[in-house]
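Two complexes, one shared chain (subunit A), two partners (subunit B, subunit C).
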Partner chain A sequence: MRSLPRALRLAAIAAGVAALLLGVSLAQDIMLDPRVFEIGNELRCPTCVAESVGESNASIAREMRQIIQEQLDEGRTRAEILAFFQDRYGDWILLSPPRRGVLLLVWLLPVAAVLVAGGGLVMLVRRWRAAAEEGVAPVAAEDLARVRAALSGADTEPSASDEAAPHAPAPRP
Partner chain B sequence: MKRVAVVVAIVGGLTALFLFGLLRGAPDRNVPSNLLNRQVPNFDLPVYERYLAAFGPRLDLADHAGRPLVINFWASWCGPCYTEAPHLEAAQRRYGDEVLFIGIQTQERDARAAGRAFIERFDFTFPNVIDDDSRVSIAYGLFGVPETFFVRADGTLAYKHVGPVDTAVLTERVEALLP
Partner chain C sequence: MDLSLGTLGSAASALALGLAVYALIAGIAGAVRRDARLQTSARLTAVAVFLATTTAVIVMQAALLTDDFSVKYVAEHSRIDSPIWVKVVTLWAALEGSVLLWAWLLSGYTAVLAVTTPNHALRAWALVVMQGVQVFFLGVVALVANPFIVLANPPFDGPGANPLLQNHWMMAVHPVLMYLGFVGLTVPFAFAMAALITRRPGTEWMQLTRRWTLAGWGFLTAAIISGGWWSYEVLGWGGYWAWDPVENVSFMPWLTATAFIHSVQVQERRRMLKSWNVLLIVLTFALTILGTFLTRSGVVSSVHAFGDGPVGPVFLGFFVLVTLLSLGLVAWRWDQVRDRAELDAAVSREGAFLLVNVLFLALTFMVLIGTLFPLIVEAVNGSRVTVGAPFFDVVSLPMWMLVLLLMGIGPLLPWRKAETQTLARNLLWMTGGFVLAAGGALVFGLREVYPVLTIGLAGWNLVSLGLLLAGAVVPRARLTGRGLAATTMRYAFEQRRKVGSMIVHFGVVVVALGIAASSGYRTDVQLRLPYGERVAFSQYELQALAPFSERGAGRVSVGVEVAVFQGGRQVDLLRPHINAFGNNSMTVPTAAVRYTLGHDLYLSVAGAVDPTADGVIMRVIQSPLVTWIWFGAVILALGTVWTLVPPRGQVPAALPAGAATGRARA
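Here is the complex of A and B:
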């Protein structure tokens, strides 16, 4: 029974320390210029998967936000700050790849895909409309006569030729 | 029949794309360093107590200009760093007279005790320094730990290895740095 309060005390201390650390971390971010996050959102967090420097809570991302803040304080522009990180990490660090060289394909391929798909759709719609406008093909007079004969024959008693037909009912025993 | 073939081709292509995305694993971090064949950034960092006698309280890279370097970034929480550590120490003992090995503890703040334990565990005889705010790792364009930079005597980067190094990689890359 005596160990329970002690365990609770330890848990409370641990929770307090965790809250303090979280508070310090949040306070650091609150003190940052909103432009830090705008620029950070254009940079890929080096140690995270699919997170920006603006969003990540990794220690390296927090330090990169601090560097951005310092550079803004020194009067550097957004382009200069992005270039600073690009110089160290290469194009990889930019979440929007630059529009040049092979990376231009990243921008052009989706546009090309939309154009090809749109073109295909237009062609398909045209074909459907042309088929609809053509209407029903005229029926040959001979075929029409056979259908009429068959229809009129269905209302009458089966003929001898009908009895010989394979689908005629079997005679009663 | 032709229409069926088109549908099969489209569905097959999309399925192949889906499976590729599903099975390709984690994104490849082995991105070539942007510092390749360029001067590596200088740093001036505090040294672990064990190396005070030989290097003083801080290690300034500029003081070691003209020597080939092997700069290894590590952290005490990093599993692969434990795998590569014995290989690094073995390479230091073999090439330490010609090449300066430097360990940089990074991406963990105020973790002196853990850093000290890591160094003692592998009995590192090469200097290890502390990059508390990860500024040096950012200057070197580090994606994670461990990463090892092989620097020529003229201060330009010859090669960066992502992930744990082994004796074969160290031998090949260090030999290439020697005259």
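Here is the complex of A and C:
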């Protein structure tokens, strides 16, 4: 709310500027060049719901586009123009929140989420791989012999070389 | 009280609510006591609920079409001289009608499910869950946001629907698609809950609902992209996506649903991720409700939020209830859904699907945090902050690139374990595709990072799709001795799921190229076009001819005819104009677009159209490959349909009741 009177003052100034500009620029065809919209897309339209200065058709957005053009004509850079609006409206005017203070959080949280989720996935994959290896652990020679003995019904003691490789499940890599 | 359309509508919605409550109670009792008669009664009542809601919708349409302004909704949102199609779509032009539409579609789905689902252990409880959701929506219609309230002193005319909505015929399509998607995704949610309740956490719930899920996902995809086209044509700034809160909240369920349709395949094939899949579908459903709360309660503001109402707290309550109940159910059945998963190798199809899950969930989280952050900060320390499109672009673009990267690799990886040699060969080919495409882009002078990367990844994916198709078709052709073309056709008809997914992925590539080019290489200027003079813009010359004004049904337009010349020859005549509807003070600049395959020329009147002035101020935008997004969407939709159509001579989805108990599949 605190920025509203300021916004109105700015609008009044802008209207004056726009009127001047309109008189001056009648001769030339390009009224706003592409950089204006690029910078406008970084700024919030103060009176709109969720629209940028580049998008909106509201009068304040049109005036702000004029101001951007004027400042570009004066040779100011994109950063200077954004700072100009930031001074007047606060961080709120920037659609890309500045990376400091509480706003840093909104940048860090998604990154943190990716790291945590990625880390969690790596851990899960490790555990599941371990489970897969356990699941097909080679059978002890002794147990195998007992099973064979039970199957054949014979009472013979199997020799060590008897538990041939083809029957034993190979451990997976 | 005399019989008016208002009372009739109120009665129909109250009757629908009463029937739904009965169906819910009878359904629960029938399911708990395994009483077939009660279950049948609940199923038949589901059909009756549908008839009652249909009556309510017909009554509302009758009130809209006959301009019955004694009905509050009509008085507030319709207008006598609106064209008929606007009156029809006014049903969903504001909140109360939208909820009625949602309830109607939900009752339709529920009735179809009640009638067509084979007698299956999950059916009774799934219908109970559907009916529970139904009771909520009908409760909102009948008790909280009743559109049928009768006005004692009806006005002679109403204000009409929001001008932004009247301004484009897409309004007749986009919201319906959106609700069809939301409601469609309720079906797998209901069956997942039923699976938990009945202790059958296997794959049957997802197999029974596979078509519903895919259809819901397809509708949601189509809804989001058609909404983008609506924005493009109506909002006048030449863009189609602004990371606006309403866009975001419809996008979040899409992201989780996309994760879901990939993730369920891991469970179908490898019996893993049981709990995860249930949680994903719970999240998807909960997000549709949360989204409705956020955008309809006015807690976040948006250009697309047409009509706030008293439903905010109700939807918030329902969101909390749904979340608690379903998570409680998952916790209660935890020992059943807990994964005893085994993974043979990380580099495998299931490994790729796991990564897809992480990426899409991270994207969902980013959208959620970005959308809610201003709310949270304001609640904590009262300061107002903005999180807008540049934030979402910066954070999401690297993740989108990873999605595209993975989309190329995943389908080529076999289940269980990839053979290193085959994988290396495939990756080599795909890298070749990447280098060729990205290199080509660089040669043609493109220097922006993400567009070049996207083009490279498009090459990567096209090679991947080629390898995938060749890998399937060539051995078949060799084996059968048929020609390649004939084998491909046969394969496409026999393996609809596989080929459908290839078509969908191809559509994604086309859409991605359209987005990359149009957002990276847009020219956006404001020109003054003096009448009769040719003004150069890019490769065109624009000549504003003369202002015009015309009157349509309930609408006044003023605009300018602009002749478009290319190489000295007139190639188009565009009519950008400004519309005003009824006595609404809001005017809507309506862009005129010259669509071509290579780029769009977009004209939007940026000032007043003054016949006494000697020119007009026009916003002129040239944006490359925008049409690819819409074509890509069509390809996506076709691919989805392709997977949905059952193969010839096979009846869809009729799983025998006994087949459910996790029978081994080769």
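The rule is short, and it goes like this: the second predicted complex is superposed on the first by the 105 of 173 C-alpha atoms of A that agree within 3 Å, B and C clash if a C-alpha of one lies under 4 Å from a C-alpha of the other, contacts with A are read in each partner's own complex, and residues count from 1 in each chain.
Rule of thumb we're sticking to: a residue touches a chain if its C-beta (ideal position, glycine included) is under 8 Å from a C-beta of that chain, and two chains touch if they have at least 3 such contacts.
Predicted model only: the values in this text are computed from it and were never measured.
In the superposition on chain A, A:Thr77 contacts neither subunit B nor subunit C.
Touched residues of subunit A were counted for both subunit B and subunit C, and C has more of them.
With both structures placed on the common chain, the touch criterion links A:Trp92 to subunit B and to subunit C. In the superposed model, A:Ile60 lies in contact with subunit B only, and not with subunit C. Touch criterion met: A:Thr47 reaches subunit B, while subunit C stays clear of it. Within subunit A, the residues touching subunit B in one complex and subunit C in the other are 49, 92.
Put simply, subunit B touches subunit A in their complex at residues 26-27, 31-35, 107-109, 133-135, 137-144. Interface of subunit A with subunit B (complex): residues 46-47, 49, 59-60, 63-64, 66-67, 86-90, 92. Against subunit A, the residues of subunit C that register as touching in their complex are 235-237, 239, 242, 244-245, 272, 300-303, 305, 340-346, 351, 354-355, 358, 361-362, 365-366, 369-370, 373, 377, 381, 383-391, 394-395, 399, 523-530, 535, 589, 606, 617. Remark: subunit A residues 25-26, 28-34, 36-38, 41-42, 44, 48-52, 54-57, 62, 65, 91-97, 102-103, 105-107, 109-111, 113-114, 117-118, 121, 124-125, 128-129, 131-132, 135, 172 touch subunit C in the complex.
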